[in-house]
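Consider the two complexes below, in which chain A is the common component and chain B and chain C are the respective partners.
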Partner chain A sequence: MAEKSNLTVAERISLFRSGRSSVVESTRETLRNITEKNPSLNAFIEVWSEEAIRNAELLDRKRTSGEPWGPLFGVPIAMKDNMCVAGRICSCASQMLANYRPTYGATVSERLVAADAILIGRTNMDEFAMGSGTEYSIFGKTRNPYGGIEVDTAPAGYSPGGSSGGSAVAVAAGMVPLALGSDTGGSIRQPAAFCGVFGLKPTYGRVSRFGLIAFGSSLDQIGPFANCPDDLELLFQVIAGHDRRDATSLSNTSLEHAKTKTPDKPLSEMRIGVIREHSAQELSPDVRTALEETERHLKSAGAMIVEVSLPKQEHAIATYYIIAACEAASNLSRYDGMHFGHRAQRREASESLESVIAASRGEGFGPEVKRRILLGTYALSHGYAEQYYQQATRMRQAIREDFAAAFAGVDLLLGPTTPAPAFAIGAHSQDPVAMYLTDQFTVSANLAGLPAMSIPIKLEPLNSADSTLPVAIQMHAPPCGESRLFAAARSLHSRNQMIETGAMT
Partner chain B sequence: MDSHNPAETTQDVTVETICQLERLAYLRLSDEDRGSFVNDLRKILGYARSLASLDLKDFAPQTHAIDQDNVMRGDVIEPSSSVEEALANAPVVAGSFLQVPRVLE
Partner chain C sequence: MSNSLAPALAYETIVGLEIHVQLATKSKLFCGCATRYGQPPNSQTCPICQGLPGTLPVINQHAIELAMDVGLALDMELVSGCRWDRKHYFYPDLPKGYQTSQYDLPITRHGRLEFRDPADSEKTCVVRINRAHLEEDAGKSLHGEGIDGGTWIDLNRTGTPLLEVVTEPDLRSAQEAKAFLIQLRTILLYLGVSDCNMQEGSMRVDANVNLRIKNETETIATPIVEIKNLNSFRNAERAIEYERERQLKHWRETGERMGQRPKQTRGWDADREVTTVQREKEEAADYRYFPCPDLPPVVLSQTSIDQRRAQLPRLPQQWKSEFTRTWKLSEYDASVIVEQGRDVAEYFETVAQISQDGKRSANWITQEILRLLNERQQSISDFPIAAAKLGELVSAVSNSELDHARAREIFALWLTEPISLREAKERLGIATVSGNEVEELVNRIVAENQAAIDDYRHGKKQALGPLIAQAKQLNSNVSPAKFREALLRAIDST
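On to the complex of A and B.
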């Protein structure tokens, strides 16, 4: 039997249907695979082995009972550690929530269970999803399965990106076929690009945020990681949909036109805009070549390629980091060490409430979270709010209008996901602005609420070692235009497979 | 994005600024942290300052990603967390209450 980690979701389920594998067997193999690979990669913070096997046993009983199967029957799924699963610790990789055990499940968790998926464990991330390298975690750094260790340039290996680095690595290393991440400024797409997997940030409001621990509420969105577009779409369809428990969840009427899996037009009739401001940036030669190859392929598939301009892109990073920090400072004010989370020991019996709260937060939060709370507090404070926060919210509107104008003439936008492939672990840890700039192509989709996908294009050999790094591109669609992204991704995926198998060079 | 120059910082931020932000955000920092956050905030705000000088009067402030209508629901009582569940993660509990340090002097 082929190694299950390389099977698509449909292939896995067909093994269960034909009786060639039981769900318990398959789950045990997944757990063995994780046990073998996780020590060197640190993708998982916790694996829920016992419950996974128990649930697999229940599903095996269902196989023989004739009950209908859910669309993710017996499929193991990794959860980023910022989505609540009832009764399981959900830490956001933070000391603040190291022992926090939610009493309710996120809507996405409930939808996955209802679809007969097996929740296999929680994955590492940057603390409270703030970071671009999965290095600000109390559970240590996660390593990219690609790139290997290079003594001079990458002594600790390559970064998986972040903040959803654990989920991206779990899928890239074949530990699980599917994982969920969250994307506030690129936290699904950037790690997907660095790890060579597909990653989708859906339209804001398509996937419920209920039970997702908030970072920047007007930007956060949950989305899937997978090794192929079919699996990605399957998981997306399961988690998407209106949820009355999330007031920003899109209503069913606004989703009416987006429910069908078929895009409103075939790829051959699409106009695809290449974002001039992104192409004009300093890109690594690998990323530039990947973009050119993608353009050529889309043209050969019949799509029309045109250049479009998003004039305000140069302000996207500043706008994003101000808004995200302001929303984070506000959201994270709930952690007071009184209702839940870490509480500092009182230094003396008479220490005041305020003092204990400040000490609890000082002990519970790590450096990047503190940096953003300070930045957000500054940008919202009297005398500076007009200059920073107000201006950022105006620029946000300008950026939205740029996209609306572009989508009046094209069906999809094409550009890079990141300026370069994965960086060495620790490369940006001394300069926050340099780290923030790795998100320069991803933050706009969050500001404008648009769906965007990172699509792996190729593996580029590294100079000094016998190893490779993945190279990806990014596509944006108008609101609720996910089906167009899947159509383009499928076409590019077939191309990549033909190149891999030698059918095309 | 090309305009990023690591040397471009703002001198508005001092250790006193950080101390004031600590009070506003209820966040206690070590002396060492304060020093490094002064530098970080100078860099970040130096980078973000480009926004402040732009004329954006024509653009209405936007706090949402997607245009949405207000959401209403019927005024109907529904089950919610029990007291036990609500207190399950509290660091210190006394009976069915959260126990906190003295609030009034």
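On to the complex of A and C.
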């Protein structure tokens, strides 16, 4: 099931170069693959087959015309359903936007097209990116390609994580080599960990948010999913860069400045800090072993491993859920059914404006979105804002300072992505807080604006069945230190490949 | 209106104003859409000002600069690191569900504005300015104009940059409020930050009014009333005046004090000349202000502040003192010209510089041009006679090359003919009369009018008048002044 297309992006493009495959052939193969796998996994909400073939034809013409090729020439890419592509429905997996067709495209969509990529379709997600299981979607649940179905423990299979579960699964199942997700509190890294793929949340401001339907504006970042670090980096390079349409996008000057403070280093010269507060948490034995194996490998690669402390970590989840909810409540104010999105039928002509707005929102939003709007509205209300929002803002600053202090002594931080591998679908559906806790190691990177990556380490066999679940670790880098993450990921990736091929055990 | 039986009360009217000024930027505050008035509905909108999901605001730097100019002109503190806040409320003409404004850190604060006391022109009043902050305008709801009498929404105005100037409650009468507003508008016009066109809504005024009533033992404040959307200075004055009387009467009837009822919002009904209740809220609306995460704080570097200060246009007060000092205008004439706005002041200055005769330049402008502009409903920039040409004309009069009557003929011709001074003189047969020609004319008049000259010598000064008229008849180009001068010389020397 989880069999992957082994071709890297570079290998695909070389097939086009050598003429062994046309882009149309390759695209048809991708579409066939999706058609075959999607019904059981539900990764894609919509596949843009016709347009994909049309674009493939254009690229094939370009192959013979001698025009320069973009870095993602002919590569199919899946988009999480919260990034606008002009003229395509973008629903955020919500009733509210079920028929919403943006009139403009996100900066990332434009950059992908300019890089000659083929946008292949939109993927399932938790409604408005609020969730950690790709369960809160009007399009139904997405299933993890790993783990299979276990009658007793996982009757519906395993969760792909969320909220970018559809994109993670699309890559994990080999439907596409690359996908984009968005990460507000772990929504790329947690599903990447659950699905055994690489997932990067870039430094806040490195990828333009223009055209990403906002959840928590000060936390949201778009990032890539891939099966290997090279592909991950390639996609990251295409989407990253200053965008004058996003005022929070990093200027080239700021980027240069940050990079001089975070110079590239070979792994052998790095000091890597293990986050004490994360490893001290209750972790599943698989995750703990993965961490230990990672440490051993990094040491053998010449890196120095030290323990570091981030004392404010225990407050990260509370801080995150207040700030994210406040921003969400504000960002989602625009869905009043007046200009776009779902509008409730008026029961009578005399019905007040207020009740039409209330009914539209009541019908358009699902339970998790409502929960967070209520939480955020409460936390910003007069008399409570100081106690909640202001307090959370101060704690966020303290968490940032924690990281800055830690990075004064180390080049990267190591810890788990999640406390345990994928949970069974539905395991947390009655307990939102248990679901929130699966984000406990990922939210800090968003609060501090840091780049962080989930790196798959191994496949752990499940006790009861002939199947496995992926186990991952997470690394954090200082601002704009993505290349350090790629370096560490490459090293771990080649180790994993050696294990897979039996060259190492 | 007032009850004549009631004892005279000592009380003060307390007025504070909030003035929304639409800034004269070409594009909106957070997107590139134009801000022209009167365009077809929704023709000046884009995904950003329509509030479409996923769009982001980017600040219009020009709006920041204009706000800085106002801050500098009103002696305000410019706040580097000022923030943007979201003010939340649901309304169909507010597509994002929040208005991006500035709440606790406005771009400028703590200034002052002086103006002449309307009750005593010798005195000046000072009003403290609490703050001036930037915010985006909402759209327009066109009630009753939609299908089946429903509401249509026009988002052309959405996102237009506004500067909200908030005064301290330092004004003490409706007349003071009006005088303050006129002064503020004059300054804004000179700065060029807004067209201040109240009819088109580029300047809108809200007034907070209450009374402080003094009796033997205490000072009692009446509940504050906010009068919304006053769209002319006259309406502002009348609404405040009405509110003063209404509150006094209401207090006499009920004794109601501040705090005993919630703040009321009233509107001015210009037809009936009354204020009417618009809304009375039991508790203040909770806008849940919070810093906009999409916009970084605005950094105003000292360099940029110094640059704006250096580029700041001359303010009305500076023009006035320049006119009285350099061009020896009376305070009155200087005020008349300056209050016409920067274009007229600049026009005057050019005329005066060319003619080197400020007084005469001012007279031409205040007596001829302003009247004509008013008659023709024209602005000075459309006036057919350019300042440089009028300067030349005034100069000719000052140097006695032309008399006033002939100058007026040229002026009249210039209103329709775009010709030079020389051409105009030729057309009207005006030639410069040489000294010899004047002498000959004097000799002839003296010879033919001995009786009149004798009369003059015997003290009958007015005897010269007919002689000058005769000379004009003989040669219409002769300057009466020059002729008179030569004639007197001739009389004295004989």
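Going forward, the second predicted complex is superposed on the first by the 494 of 505 C-alpha atoms of A that agree within 3 Å, B and C clash if a C-alpha of one lies under 4 Å from a C-alpha of the other, contacts with A are read in each partner's own complex, and residues count from 1 in each chain.
Everything that follows uses one rule, which is that contacts are C-beta pairs under 8 Å (C-beta built on N, C-alpha and C of every residue); 3 or more make two chains touch, one makes a residue touch a chain.
Here the structure is a predicted model, which is why all the values come from computation and not from measurement.
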Which of chain B and chain C A:330 touches, first, second, both or neither: second
Partner chain in contact with A:319 - chain B first, chain C second, else both or neither: first
Which superposed partner A:25 touches (first chain B, second chain C, both, neither): neither
Chain B versus chain C as contact partner of A:381, first or second or both or neither: both
Which of chain B and chain C A:343 touches, first, second, both or neither: first
Chain B versus chain C as contact partner of A:150, first or second or both or neither: neither
Broader residue contact with chain A after superposition on the shared chain, chain B or chain C: B
Touched partner set for A:84, first chain B, second chain C, both or neither: second
Touching partner for A:395 - first (chain B), second (chain C), both, neither: first
Partner chain in contact with A:213 - chain B first, chain C second, else both or neither: second
Those residues of chain A which chain B touches in one complex and chain C touches in the other: 100, 102-104, 218, 244, 247-248, 329, 333, 336, 338-340, 353-354, 357, 377, 381
Chain B to chain A touching residues, read off their complex: 1-4, 6, 13, 17-18, 21-22, 24-30, 33, 37, 40-41, 43-45, 47-48, 50-52, 54, 56-57, 59-66, 68-69, 71, 73, 81, 85-86, 88-92, 98, 100-103
Of chain A, residues touching chain C in the complex: 82-84, 90, 92, 97, 100, 102-104, 106, 209-214, 216-218, 244-248, 326-327, 329-330, 332-336, 338-340, 353-354, 357, 377, 380-382, 385, 389
Residue ranges of chain C in contact with chain A within the complex: 47, 50-59, 86, 88, 90-92, 95-98, 153, 284, 286, 288, 290, 293-296
Residue ranges of chain A touching chain B (in the complex, touch as defined): 99-104, 203-205, 218-219, 244, 247-248, 250-251, 281-282, 313-319, 321-322, 329, 333, 336-343, 346, 350-359, 361-362, 365, 367, 370-371, 373-375, 377-379, 381, 387-388, 390-398, 400-401, 431-434, 436-437, 440, 446-449, 479
